[in-house]
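Next come two complexes built around chain A: one with chain B, the other with chain C.
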Partner chain A sequence: MARAALVTAMDGSPAGAAVVNLRGLVKRYGAATAVDGVDLAVRRGRMHGLIGPDGAGKSSLMKIVAGVLAHDGGTLEVFGQAVTSERSAERVKQRIGLMPQGLGQNLYAELSVEENIDFFARLRGVDEQALAARKRQLLAMTRLERFRERPMKNLSGGMKQKLGLVCTLIHEPELIILDEPTTGVDPVSRRDFWAILDGLVDERGLTALVSTAYMDEAARFATATMMLGGRVLAEGTPAGLLAALPATVVSVRCGEQVEAQRRLGAHFRDTMLRGAWLRTVVDAAPEEPASERARRAEARVREALAGLAVEALDTAAPDLEDLFIARAAPAGAPAPLPASAPAARRAWPPGYHAIEAHGLVRQFGDFRAVDQVSFTVKPGEIFGLLGANGAGKTTVIKMLNGIQPPTAGSGSVAGADMLRAPGQIKRRIGYMSQAFSLYLDLSVRENLRLFAAIYGVPRARRAARVHELLRLCDIQGIEDMLAGDLPMGRRQRLALACALVHEPEVVFLDEPTSGVDPVGRRRFWDILFHLARAEGVALLITTHYMSEAEQCDHISLMYAGRVVADASPEQLKAELGARRGALWAFDTSAPQAAVEALRDAGFADASLYGTSVHLLDPDGATLAARVAVALAPLGIAAGPPQRRPLSMEDVFVERVLELEREAAR
Partner chain B sequence: MKAGRTLVVARKEWLEIRRDRLFMALCLLVPMVLMLLFGYGLSLDVEHIPFAVVDHDDTPASRDYSARFSDSRYFDFRGRLADEGAIDRLIAANALRAVLVIPPGFGRDLGAGRAARVQTVIDGTFPVRAMTMRGYVLAINAQASADLALERARAATGADERSLAALAQPVRLETRNLYNQPLRSVWSMAPKLIMVILMIAPPFLTVLGVVREKEGGSIFNIYASTVSKAEFLVGKLLPYVAISLFNALLLFGLARWLFGAPFKGDPLCFALATAMYVACTTGIGLVISVLVRTQTAAMVVVAIVTVVPAALYSGAIIPIESLSPAAAGVAHLLPAMYYAQVATGSFLKGVGWPVLWPNLLVLAAYAALLMTVGYLLFSKRPRA
Partner chain C sequence: MNPVLGWRGVLGRGLELVRKELLQLWRDRVLILFLLYVFTVDIYLAGSGLSFSLHNATIAVMDQDMSQASRELASRFQPPQFRRVPAPADPRAAQRQLDTGRSMVVMQIPPRFQADLGAGRPADVQYLVDSSNSVLGLLAGSHAAEIVGRYNLEQSAARLAAAGAGAGLPRVDNAQRALFNPNQNEAWFMGIAELLMLVTVFAIILPAVAAVREKERGTIEQLLVSPLRPLEILLPKVLAMTLVILAGVTLALAVVLRGVFDVPIRGSLPLFYAISALYVFTTSGIGLLLATIARNMAQVGMLAIMVLAPMMFLSGMWTPPEALAPPVRALMAVSPMHYYIDAGFGVLLKGMTLAELAPPLLAMTLLGALAFGAGLARFRRQFS
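Showing the complex of A and B:
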C-alpha cells in the first residue's frame, strides 16, 4: 500500500492516491491521551478537513503528520515514507508545509511581510530568482502586495492568516497542513481565505489537511473527519455524512417557549433555542421512507406540543453540527434542565432597559476602537455582540462595566449610570470572561464559595445559593473535583455559576464558548435560555461563532468599531433576502472555474463552498437558465440550483462588503 | 551544515532583536546598570564611621586622645554627648556606629603615671564591619599608648627619641599590599563583577530568545523545515553571543575607566577567556531553554542556576579557600571560578598565558560540553 503510494507519487500519480496514511495512531501527554487510535487517509489533490472542538486531538495529529511531534503508537506514512524517527521525518519535510495554530503566532511580529516570506523561503533553500517570482505571484493572489513593507504585527487577523499561507507555500510543498487557519478571523476574511485555498488546491493539485473548530465550515471539505476526544466520530464527504443521519430538523415558534422547550426536551434528544424559535432534531424511525420523514417529524412535534399555540413551524434537513451532536452524544446526553423553583421575576417599570448604550466612543491615540455605538437590551433578552477579533466588542463591555471610561457617550447597566456609578454596576452584574477566571487549584464548591464571599452574598444565604447553582448549571456530583481537572464544557458551566452567585440582573459573557464542543455549547445555551426566560436576566454575549449568533434574540454586528447591523437574526436574514434574494447552491463539473465565470457574468457574490457553488439571487425561476448561459462557453455543466437557508455569516459578509464598497467610493 | 542557512537564521534573529526596542534596551542596559549598582553599592570598605565622644574628663589629655579618632579618615566626628544615656538610642537609629567614652579622671591618671581607662561602644550588627571598626580602635589606641609611653620615658630618662622607640618596639612592622596597594575594594570587585554579570546576562538573553519562539509557536517553522539542528542553533545563538561580547567590552570599559581598576595582564588572553566564558554561559541558557516551555519558567531557572553560583561559588565575595570543602568542590565544578581567576589575574596581578592556560582549557571544555548537551537535547520532532 505504502510502496504503491510512493511509486505513483513519483510518476505523476493519479489524484486520489493516499499521501498520508495513519493506522491506529496514538499520542499521549503524560496520563492524558490526545489521539486515541486514529485511522486516516488523506488523498492526493483533495482538501481534507479535521473538524472538532479544542482538545479533540486535531493539532496533535497534524503536528505528527508534519513530522514535528513524535507519536506513541500506531503507524504513519507520508508520501510512502514510514515516519518513525526524527531522521525519517526529515526526509519528507521539504514536500510539506505546516501552518500551526494561532493568529500569526508562527510569524515574526517585528519583521515586515516581505521579510517574513524571505525568511521562510531561505530557510527552505529556495533560490533567489524563484523566490522573487513566487513572492510576486502569491502576494498578488492574496492581495497583500500593497503591504510588503508593513510589519507583521500591524496586520489584521485575516491578513496575518493569508501571510501565514504564503509563507507555508513559498517552497512549493505538495502537502499543506493548516491548523485552524480561520479561527478568530472575521467571516469576510474567512471566506476570502477559503476562496484562495480552494483556488490553490484546484490549480496546483495541492493536497491540504485543514482543521477547523467551526462546524459550519465542514461542508467546505472534499472529505471531512469529525473528531472528539482523540477519536474519529464520523468521516466522509459532507453529503455522505449527512445522508448517514436520518433525521429532520423541526423549528417551531411558540408563545409559551419555556413550556414548549420542556416538552420537546422530554420527547427528542436535541432541542435548542433560536431567538423566538425552538429547533428540534427529530430522528426518523428505522424503516421510515425518506420521503415521509419531514411530514412524520412535523406530526410528532405537533403531538408533543398539543395544547400549546404553535405560531409557525418549519422543517429542514439536519446540518453537520446536528450530525456531530448525534454522534458525540447518541444517548441524547443533555438531560432536561432540572425544573428550578420559578424565581420571583423582578418587576420592572415599562420601558426599562437592563443595558443602554448611547453613542459610546473610545479613542486610543489615533485609533478609534469604538465609534458611536448605541444599543439597548431588555430584561430577559439574550443580546449578541458579534464581530471579529479587534472589532471593539471587548472595549464596549469594559466601558459598560465601568472598567474603562468612554471618550464620549453615556450608558447605564442594571439601572446604574455607567459614568457616575461604576461601583454599583459592578455589584449588580455578573461577568464571565473568555479565560474563565476560575481558581484551578480549588474545587468546584470552593470556587463557588469563594466567589460568593467576594461578591458579598450574605453568609446565611451562601450554602443555599451554592446548592442552587450546582443544580442550575448541571455541575452536581463533581463538587469536590478541582476546577483544573474539569473538561472544558463543565469548567465553562462552573465559570457561569461563579458569575451568577450574587443573582445579578445583567450578565456579560465574553466569548464564553470558545473551545467548547458543540454538545457542551448546547448545554450551556440551555442554561442561558433558562436564565433569560425563567428568571428575566438580561444577557449580553459576544461570540465569533456565527452559528451561535442565531440563538440570540437580538444582535449587533460590529465592524471596525462601529455597529453595522442591529436587529433580530430573523429580521436581518429577511432583510438580506429582500434586498439580494435567496441563497442558492448547485454542483458543477468544475466549481473553481465556474465561480470565476459566474463572477464575470455579474453574479458578484458567487463563491465556492466545498464542491458546490453558492450565490445570492432574487429570481429562482430563471436562475438555472442564466447560470447555464454564463457557463456554456466554458463547457461547464451545472446541476439544478437548490435553495439554502441564509445564515448569519451571509448577513455579516454582505454587510461588510457593502461597507467596504462604500468606503472605496 | 550550510553557512548560508545559519546566516539566514542569525539575520532573522538580529532583525527581531533590533526592532524590539524593549528587548534591545534590556540587552544593553541591564549589564551596565548591574555593573554600576554593584560597583558603587557592593564596596566593602569601612570608612567615615559616624562617631561621637562622651568626655566626662574634658581635660587637654582627654581631648588630645579623642582627637586621634576624629582626625582619622576612618571616623567621622559627629559631636559630643553629655552622658551615656543617649548612646543606645543613637546607635539603634543608625545615627552613630561607634562611641568613645572617657571617664572622669582620665587626664589625672595619665598625669600621675597610672594606667587610664577608656571605653568604646561599637555597633555589632554586621560582624565584619564591627571587626574592622574594632581593628581601627585598637590601632589608634595602640599608637596613642605608644606615643604616651615614649613621652613618659623621655621625661623620666632624658634619653633620645630614637633609642627609646627601639626600646619600646623592638620589631617594627611594615606592610605592603601587592596588586591593590590602597586596598580599594572596588578594584578587586570590578573584575569579579564582570564575571558575575556575564554569568547572568547571556543565559537570560538566550532563554528569552529561544523560549519566546517555543511559546509563540514559531519554533514549528524550524521543526517543519529542512534546516538542520546545528544550522538553527548556531544561527539562533550567534546574535546573542555577539551582544554579550559587546557587553563584555562595555563592562571592561566601566571597570577600567569608571572604577579605575588597573589592567596589567595580557589583553588577548583575557579577551579569549571572555569569549569562551560567554560561550559557556550562553550554553547554560541553551540547555535551560531546551528543557523548559515558558518564558516565566525559564527566567526562574536561569535566576537559580546562575545567580547563586556566580555570587557564592565563584570566589566573588567569599574566597574559595574560605568555603567548606564541599562548597569548594562545587565551585571547582562550575565555570565561574575559573573565569574569576582569569579576570582577577588579568586586571590586578598582570599574569597571562603561562599562569592562566589551564583556566582557558577548562572554560573551552565547559563551553563545548554545554553546547553538545544542548544540541543533543534539542529535537525537531519532540515528544511534547
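Showing the complex of A and C:
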C-alpha cells in the first residue's frame, strides 16, 4: 500500500501533494540573514535533499519547518496548515520527527540504546505495547538489537546516527527532518545509513527532508535543492539538475602539468588537478547540439594545450559538484596564483623522501591504535591518508609530528629522525588542524605575525613573508579583520597561511576542508597544488570527502590501525574494476523494491541512488538480461544499464566491507 | 630552514606570546569590564557594605512590671546598637514577632521585677534572641548582657552607697588602644581583605581560562606541533595574567583603598607589588592544574569554586589559626593564601619589612612552586 503510494508519488501524480510548502521564507539573526527568500515544496512520500556547505541556511530552514524556530518573513505551510504562531507550530509538531545536527547530539550519552528509545517514546506519549513492537522492528532494521544495553557514548558514529533515527521515528511521524545525518560518519556507515533510510521511507510512506554537506550525496535524493548563502541555487531531480548544465568534463594527463594548468585556467571556468590528471569543465556553446558537445570540448582543450605533450585525454559528463560550482561561482575561479619562480623549487638528493614511516606501532594499553604502518612521501607529492574515525590516522600524524613517540618502528620527516630529533621535525613542518586552529579574536595579520614569531622567522623577513602569504592564500585586503569574522573559506586559507609562515618542506593537513563550500575547497586545492608542484612541498592530507581523495597523487587507506591499500587513486580504482567489475546504473519503476530483489539475486552491492540503482558487475554484456530475470517476478521494469566511473568512495567501501567480512570469518 | 633559536630568539618569541595574551584579553570586553568592576566597585562595596558590629537591632520589650526600674532598664537599649519596636501583647505575639523577623530580640521583664530588686532578691529578665545569623545573634546577646550587667552593677553600687560602704569598692578600669587601625575602621580591613581575595581568585582563574580557551578552540594543538616547549607555552600566559592582576591591584590601591577609604600604606609599596607578583605567579600553577583537568570554561568555573572556597576559609582571614582545631590548623599551613594574607596586611597596615616577613614568604614561595610544578608536569603529561 505504502509502496504503491510512493510509486504514484514518483510519477508526480496528485498523491504527491506538498507536505511542506515554503514561500519567500526569511530568517535573520541580528544583521545576518540565514535564509533569504526560499521557496520550497516537499512532496509526500519523497526523500527531499537540501545540499549546501556550512552556513548555507539548511539548519535554520529545517528548524523552522520542524516548528522549533520562528521565521521572520514569508509563509510556511506544513500538512496544509499555515504555521504562523507558536501555537500553530505545536499542532503539527506531533506529526514531525526532527534529528538535529551533530553525532548523537539529541541523545543521552550515559543512557543505553534502549533507554534512549524509551525516553523519546515516553516523551511523545507512545503507549507501552506499541513501543515494544516498534522498538523491536526498528532495532531489527537498523541492526542495533545486539547493542540494546550499550551506553550511547560507546557506539560508533554511524551507530549513533542510526539510534538517532530510531528515536526520531519512535512516535511514527509522517514527516522526518534529518539535519546532516551523515556528516562525520565514515563512507561505509554512510552507505548503510542511506540504505536503511531508503527502506524506511519506502516501507512507511514517510516524507523525509534531509540535508547534507556532501555534494555527491545529492544523487541519493528524489528531489534535491542546492543552497548557498541562504538562497536556492538549483532544484530538481539529480538527473534533471545535471541536464541543466550543458558542459563536458575533460580530463587530460600531461607532462608539463603546471603550464597546462595555467593555460586551462586561463581558458576555462573550472580546472582542477587530480593526481596526474587535470580536470576541466568545458561549458557548451548555447546552440551546440548535445551529441556534439564532447567532441567539441575535447577539441577546445587540445587547442588550449597546443604545443604541450598530451599523454591521455578523457571526456565525461559533469557531476553535481560541477553544477554547484557553476551556479555558485558563474564568473569562474578567482585570478590564477602567482607564478612561482623556478628557483623556489628546492633541490633534493635522488631517492630522498620527505616522509618515511617504517613499521610504526602505537599501543595504548591493550589497544593497538596503529599497527605496522609504513609509507613514503616524495617531495612535491600530495599524499592522502584515508580511513574512518578511529582508524588511526590522527595517531599516525601525531607520531610523525613528534608529539607522540611511537611504541615501535622508525621514520623520518623532512630529513629529521622521528625518534632522535622530534624537535627538529617541529621546526621543519607545517600543521593545519581540522578546527582551523586560529586565534579568532586576533586579526589576520596578528595571527600571521604570531605564528611567524613562534616559528622564529627572522624579524627582517617577517613583513615580506606575511605579504607573500597574503597573496598566495588570496586573503589580501582583509588583514585587519578578526579571524572570527571571516567566512569559512577564508578562515581556512588563513590557517593554511599560518602553517606556511616558516616555509616548511612538509605540511600536514588534518581534515582541512571540513565545512567549507565546494568553491572554497577548489580554491584551497589550487593553493595546495601550487605548493606541491611549484615549490616541491610534500603534503600529507586526511579528508572525509571522498571526492577530495581523488585529487591526491597517492592514497593510503587505513583500517583498524593498519594500512590496507597503498597506491594512486587511479590504480586503486583500476584494481577494484579488475576484481569486481564496472559500476552500472539504471532506472527502474520501483527502485527500492528492485534493490532488495537484486540483493537477493546475488548482486550484493546493489544500492539506491534517488530513483536509480547502482551495482558493480564484471560482465556488462549480459547484465541487462540478468537484471531483467531478477526483477521479472516482481513485475518491475529496468532501464538499460549505463556505465559510470568508479569513485574513491566505491574503493573505500568495497575494501572496508571485504575486511569486515574477513574479520567476521 | 629555521635554525635553532638562541636565548634572544626565545625571549623575543616569549614576548610576542605575552603580547598575544594581552591582546586577546583586551579584545574580551566583557572580561575587561568585569575586571574593572571588581577592582573598584566590588572592593568599595566590601569595604563599606560589610560590617561586624551591631546596628539597629530591633528589640521589643515586654514589660510586665511597668515599674520605674523596668522602664529604666528598657530605656538603656538605645541606638546605634538597638532600635525599640512596639511591645507585643503576650508571649504568643512575642514569638510571632521573632518568627516573622519584626524583632530580633524580645526582652521580657516579669512582674514584681522592681519589688524583687528592692527586696534584695534575685530578679530575672529573659531575652529571646534570633540567632539565625549567629554572628549578629552573638553580638546582640553580648550587648544585652553588657547593658544588664552595667545596670546590675549600678544598682548594687547604689545600694552599697546608700548603706555607706561605697568608697572602698574594688574595680578594674578597662583601657583599650587599637594598634594599626586605631579607629578600628572596618573598611580598611574589609577593603584590603577583598583585594587580597580578588588577587587570589584571578591568579587562579585567568591563567586557567586562557589555557582552557586554547584547549576548547583547538589552538593548543597548533602550539604543541610548533617548536615551543610546554614551559614556553605556559609561561607567557602566567606572565601576562600577572601583569593584568598587578594593574588591577594598582587601580584598587589608588582609587579605592587610598582614594576612598584613606588606608595608610605603612610599608614599602614595591615590596607589596613584589610579594603580589610572586604570589600570583606561583598560585597560577593551581589554575594551570585546573586547566589540565577541565575540558571547557564551565568546568573551569566549577573547579575554581571548589578550590577557592576552602582556600578562603583556611586563609585565616576570618578566623586566626589559633582558634581552629589542630587538624584544620594543619590544613591551613598548606593554603598559600594564608601566607599572602599575613604578608599583605603586614606590609600595608603594619609596615613590616622583608626581613620580618621572611618566614611566610618562604612558605608561600615553596607552596607556589609546588603548585606551579604540578601544573606544568600535568600539562606536559597530558599533551605529550
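Definition applied: the second predicted complex is superposed on the first by the 645 of 665 C-alpha atoms of A that agree within 3 Å, B and C clash if a C-alpha of one lies under 4 Å from a C-alpha of the other, contacts with A are read in each partner's own complex, and residues count from 1 in each chain.
One rule holds for everything that comes next: contacts are C-beta pairs under 8 Å (C-beta built on N, C-alpha and C of every residue); 3 or more make two chains touch, one makes a residue touch a chain.
Since the model is a prediction, treat every value here as computed from it, not as a measurement.
Enquirer: Would you mind checking whether chain B and chain C clash or fit side by side on chain A after the superposition?
Expert: Here chain B and chain C cannot both sit on chain A without a clash.
Enquirer: Of the two partner chains, chain B (first) and chain C (second), which one does A:Tyr439 touch, if any: first, second, both, or neither?
Expert: Once the two structures are laid over each other on A, A:Tyr439 reaches chain C alone.
Enquirer: Touching A:His502 in the superposition: chain B (first), chain C (second), both, neither?
Expert: second
Enquirer: Have a look at where A:Ala483 lands relative to chain B and chain C in the superposition and call it first, second, both or neither.
Expert: neither
Enquirer: Examine A:Leu623 and indicate which partner it touches, taking first as chain B and second as chain C; both and neither are also allowed.
Expert: Once the two structures are laid over each other on A, A:Leu623 reaches no partner at all.
Enquirer: With both complexes overlaid on chain A, does A:Glu110 touch chain B (first), chain C (second), both or neither?
Expert: A:Glu110: touches chain B, not chain C.
Enquirer: Just to be sure I read the superposition right, which of the two partners does A:Ile429 touch: chain B = first, chain C = second, or both, or neither?
Expert: second
Enquirer: Is A:Gly456 contacted by the first partner chain B, the second partner chain C, both or neither?
Expert: A:Gly456: touches chain C, not chain B.
Enquirer: After superposing on chain A, check 92-100, 200-208 or 362-370 and name the one in chain C that bumps into chain B.
Expert: The answer is stretch 92-100.
Enquirer: State which residues of chain A lie in both footprints, the one left by chain B and the one left by chain C.
Expert: None.
Enquirer: Once bound in the complex, which stretches of chain A touch chain C?
Expert: 401-404, 423, 426-429, 431, 433-435, 437-442, 446, 449-451, 453-457, 459, 482, 498, 502, 508
Enquirer: For chain B, which residues are in contact with chain A within the complex?
Expert: 4-5, 8-9, 12, 15-16, 19-20, 216-218, 220-227, 379-384
Enquirer: Would you tell me which residues of chain C are touching chain A in their complex?
Expert: Going through chain C, the ones touching chain A are 1-5, 9, 12-13, 16-17, 20, 23-24, 27-28, 217-228, 383-384.
Enquirer: Quick one: which bits of chain A touch chain B in the complex? Just the residue numbers, please.
Expert: Listed in rising order, the residues of chain A that touch chain B are 29, 63, 66-70, 85-86, 89-90, 93-94, 96-98, 100-102, 105-111, 115, 119-120, 122-125, 151, 167.
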